[in-house]
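Next come two complexes built around chain A: one with chain B, the other with chain C.
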Partner chain A sequence: MTRFRPGRLLLQLSCLLIAIWLVAPTLVVIPMSFADRKSLAFPPQGFSTQWYANFFANPQWFGSLVVSLKIAAMVAVVATIIGTMAAIGIERLKTRAGGIIRVLLLTPMIVPGVVLAVGIYAVYLDTRLVGTWTGYVLAHTLLAIPFVVIAVGANLAVFDARLETAAASLGASRLTTFFTVTLPLILPGILSGALFAFVTSFDEVIVSLFITSPQLKTLPVQIFSSMTRDADPTVAAVGSLIFLATTLIIGLGLIFGLRRRGA
Partner chain B sequence: MNAVSNEAASKGAAIDIDGISKFYGSFTALEKVSLRVEPGEFMSFLGPSGSGKTTTLNLIAGFTDLSGGDIRLDARSIGHVPAHKRNIGVVFQHYALFPHMSVAQNVAYPLKQRRVGKAERTRAVEEALRKVQLDSFAHRYPSELSGGQQQRVALARAMVFNPSLLLMDEPLGALDKKLREVLQLEIKRIHRELGSTFVYVTHDQEEALVLSDRIAVFNKGRIEQVGTGQALYTAPQTLFVGQFIGESSVLRGPHRSAGGETVLTVAGTTLAAPGAARGEGAQVILLRPEAVMVQAPGTGPQEGRSNILSGVVREMLYLGSAMKYEVTLADGSHVTARTPTQGAPFALGATVELAWRPQESVLLADDGSTAGH
Partner chain C sequence: MSVLTGRAPRGALLLTLPAIAVLLLVMAVPFGVIVLRSFAEPVPGLANYVWFFQTPVNLTVLARTFTIAFWVTASCVLVAYPYAFAMSIAGPRLRLVLIMCVLVPFWVSGVVRTLAWVILLQDSGVINRILLALGFEKVRLIRTQLGVTIGMTQVLLPFMIMPLYAVMRGIDLRLLQAARSLGAHPVKSFFQIYLPLSLPGVFAGATLVFILSLGFYITPLLLGGPQSTMLSTLIQQQVLSLLSWGRGGAMGVVLLVATFGVLALAGPFMRRRYQISGGSR
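So, the complex of A and B:
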């Protein structure tokens, strides 16, 4: 028998409201993506899948997705390698220098995006990196490294470095020790760092807006310029697709993670 | 000195530690320590924490760099050989098993580094696991094993590649007393079977006595004395060693030499001890509890027990085969005595006589060591 408790009901109600408030803006794009007319009005009128068709057919849209995926993949690889090496170096230093280097590496997270973007743009103008693959990868890697350093650093903090001593006593060189002992044990941190790096690049918009060119545009830039030019519901279709993809990835990650923990 | 067969002894390596030092900044962890460990010997490094015993082990293993001196393994200098090329087995207190590998993979690891073929590897892993009685656990993971089982795996992993030297850094320190005793016997058996030289670090003097052919007693970055357990117990060269090994009482007082003996005045009574005074400073008499007879006042010297002190029973413990007395002397110091149970025991607060033969006391220089490990 549960007694009626007004305090508890109030708590549940406020939780529900906050949950709706958090998710609703994301969910709004789904009905909008099926709108009949070329307008971003809510609630949408009619039903059609033409905006999805447009996204895949229009090279402006689909091309920018491919560009974004390629850049994000490259950033994930480069930032993960550099960030992992940095995290290991910082962990080994154990002195004040390690702390200073760590703070330096994390600054891109703290410095306002616009400030960073202006700086990068100024340097890129001189070095002709604006609108180039190298330019995007370099800028996004800069932004992604802090996430890798944090993720791998957290894993290294619980890694038992004495295992490396044991490996040495068993005849493994430092390099072999790294690949057979250290790497497998900090792999969860490296993988989550790589995922963070990928996502950081994939949805980066501020710096990308500065260094973009008509020939090489990432998806967020394409979304932004489309929104400012006209009310194209393709934006909503893109939003819905990304929402679906991230939900799937996170869902699978949770299932996989839970199963591994259960084993 | 040790009971290993000639064939087995030829497998063990001789270690020559030649004046090694280790400094951390201005802190001296180890100062000019020299020691020879014979092939196939079981040598323990015994001492309190911070005495330099683990530092010495780490220097032999190559985990830290020498600040001075050299280490030779079978006359070959290894002082500057990297750890992974020394071919020395190490067992750690914290097991240090690789958590992402099964028991079999852990034990196979050193063989893989030595590019041993798969068939030979499988055979050697099986044999090593059989030696530690874990052959049925090959496919388990370390997290599925108890502490004792994990340490057996670590032992199998450290000996599977037949190192001529095995180092153990307080391998049983994290286990409970009963398991420790079982594993002590196993380590002793494995040492006999392998014939390798063993160096065993411990702060537990009982463990060192049970296991070792010889013991090196460390204190403050130096070796105080090296010898068999019996030699350290009966003939300690320093007060520190005397107090660290076994139970003892220490009597302090002014001394003078008398013929071949030295006489100390303790609580107003003169006591004889064999030998000349050690060094210029103050002297002490070290007494083992079993050497001291507790007797009724006025009994006087019996069977050559000519050193007699009077005191009051402060504590008495019934140990089954023996009685243990804590007796407080007139000067406030304490003497522990262990005597066979016979007749009625003395009551608490009773005045008794403590008697012992002069040759059963040890005369040592007072280095300021106090009892307790």
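So, the complex of A and C:
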């Protein structure tokens, strides 16, 4: 074993560096957000909370946050229902057709964002969906469905279908069986699918950039336009807030998920 | 009968219909419109494609897109391999920490992550300060191909680490012990046993990273400059700035074909590898 030691040390060292490289860039925005002056020079000078104040006071910023939260909530509901239905359908098909449908439903994850965005923009221009709630929710739902299909599908794969047969043999109707047996057992998958759908919508920027309007703008679009306009540390304040919120949500989801699995 | 084991596949198909409808309306129709316009605007024919492949700038950008995607993929493989290996042999607690480190950047807003890289890579940024403090020369990072590659590699690393880890977790480490007990040098047993068994994960992750790199938009736009423009930016310029839907559409079709072409080339290759290694399938 002693012969392996230098290799092991090298492995530990490189992993430490990679972990820092993965995490540190994300954390840079936190000190940045307390900068004193309107600049993105690092390390920031002085200390102030003016950028947080600006975020909450400026309707451009806070309004776009509210828009994003509403859209993400709607997407979470729509994509979770549609995606869960699809995952159950795929699981039931069990055949080649099921596999093909699954692959098709996962393609939005890998198609180039700008090509999709240009296409959606073209269609939305003709159907007057640019800058509308429906437009955002539809586009984000397309991008969120794969995550729901994966999450619920993974749960269904370990689901014992004989439980349903048992319920049916005891006289339960299909709907009763679904709501009292199937649904509670695949709930963890559905919940994590909903969480992923929410985050996908909340984070989506490319398609949103194309279908945005001055009246209805999501937060990532606002962040992006601010970044291309000037060096405004408000962006860093938003980044820190999102980081905090997402970490809290995912942390809670993780705890909830672990407890579920343990139960 | 039950929901999952029911008899009529028609019912099952029905359940997938809403999702397929969204797919058709919001993806298939838009792609159809792009393809149509690339052949129809401003005049019917192949003019847009002829223009694309006869304009040197476009070919330069196309080549650069593939070059950057290649370097990002190669860097991801090199960085992810030891990390995923460590994840697969670590104890439960350390493993959780390592997984968290992979996931934290994954779920923090993509645009904000790019902002962080702008702060780090700028001329008076952290990396250049460190380089100066160590006595090196200042390096131009922002608005260069190197800067774009560094930023994209970090953003895409989780997509490489996760499939690799999934495969490595299933490799029986006793095979390495067996090789060593038979007298094989650790280096030799790694290259002859561990590496071939982990290749399916490398292929899966590399394909994913390469495809995603080809279509990257935000990171190259914010970290890059005129010398590191990628195809996505060019498409956006054609459509939004020049209002040339035909040319933009043709570029979009080229990018789509490239993406699915890479996928089609890698697909059967990956599947065969899976069978040889007797892995998860």
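FYI, the second predicted complex is superposed on the first by the 244 of 263 C-alpha atoms of A that agree within 3 Å, B and C clash if a C-alpha of one lies under 4 Å from a C-alpha of the other, contacts with A are read in each partner's own complex, and residues count from 1 in each chain.
Basically, contacts are C-beta pairs under 8 Å (C-beta built on N, C-alpha and C of every residue); 3 or more make two chains touch, one makes a residue touch a chain.
Source: prediction; values computed, not measured.
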{"item": "Partner chain(s) touched by A:V149 [first = chain B, second = chain C, both, neither]", "value": "second"}
{"item": "Chain B versus chain C as contact partner of A:L138, first or second or both or neither", "value": "second"}
{"item": "Touching partner for A:S173 - first (chain B), second (chain C), both, neither", "value": "first"}
{"item": "Contacts of A:A237 with chain B and chain C, given as first, second, both or neither", "value": "neither"}
{"item": "Which of chain B and chain C A:V67 touches, first, second, both or neither", "value": "neither"}
{"item": "Chain B versus chain C as contact partner of A:I190, first or second or both or neither", "value": "neither"}
{"item": "Touched chain A residues, chain B compared with chain C", "value": "C"}
{"item": "Which superposed partner A:V130 touches (first chain B, second chain C, both, neither)", "value": "neither"}
{"item": "Chain B versus chain C as contact partner of A:T165, first or second or both or neither", "value": "both"}
{"item": "Interface residues of chain A shared between complexes with chain B and chain C", "value": "165, 167-168, 174, 177"}
{"item": "In the complex with chain C, residue positions of chain A that touch it", "value": "3-4, 7, 11-12, 14-15, 18-19, 21-23, 25-26, 28-29, 32, 40-43, 81-83, 85-86, 88-93, 95, 97-98, 101, 104-105, 107-108, 110-116, 118-123, 138-139, 141-142, 145, 149, 156, 159, 161, 164-165, 167-168, 174, 177-178, 182, 199, 202-203, 205-206, 210, 220, 223-224, 227-228, 235-236, 238-239, 242-243, 246-247, 250"}
{"item": "Residue numbers on chain B that touch chain A, as the complex places them", "value": "61-63, 82-90, 92, 94, 96-100, 109-110, 113-114, 157-158, 161"}
{"item": "Chain A contact footprint on chain C (complex, rising order)", "value": "1-6, 9, 11-16, 18-20, 22-23, 25-27, 29-31, 33-34, 37, 79, 82-83, 85-86, 98, 101-105, 107-120, 122, 124-126, 154, 157, 186, 208, 211-212, 214-215, 217-218, 222, 232-233, 235-236, 239-240, 245, 248-249, 252, 255-256, 259, 263"}
{"item": "Touching residues (chain side chain A, partner chain B) in the complex", "value": "160, 162-163, 165-174, 176-177, 180-181, 184-185"}
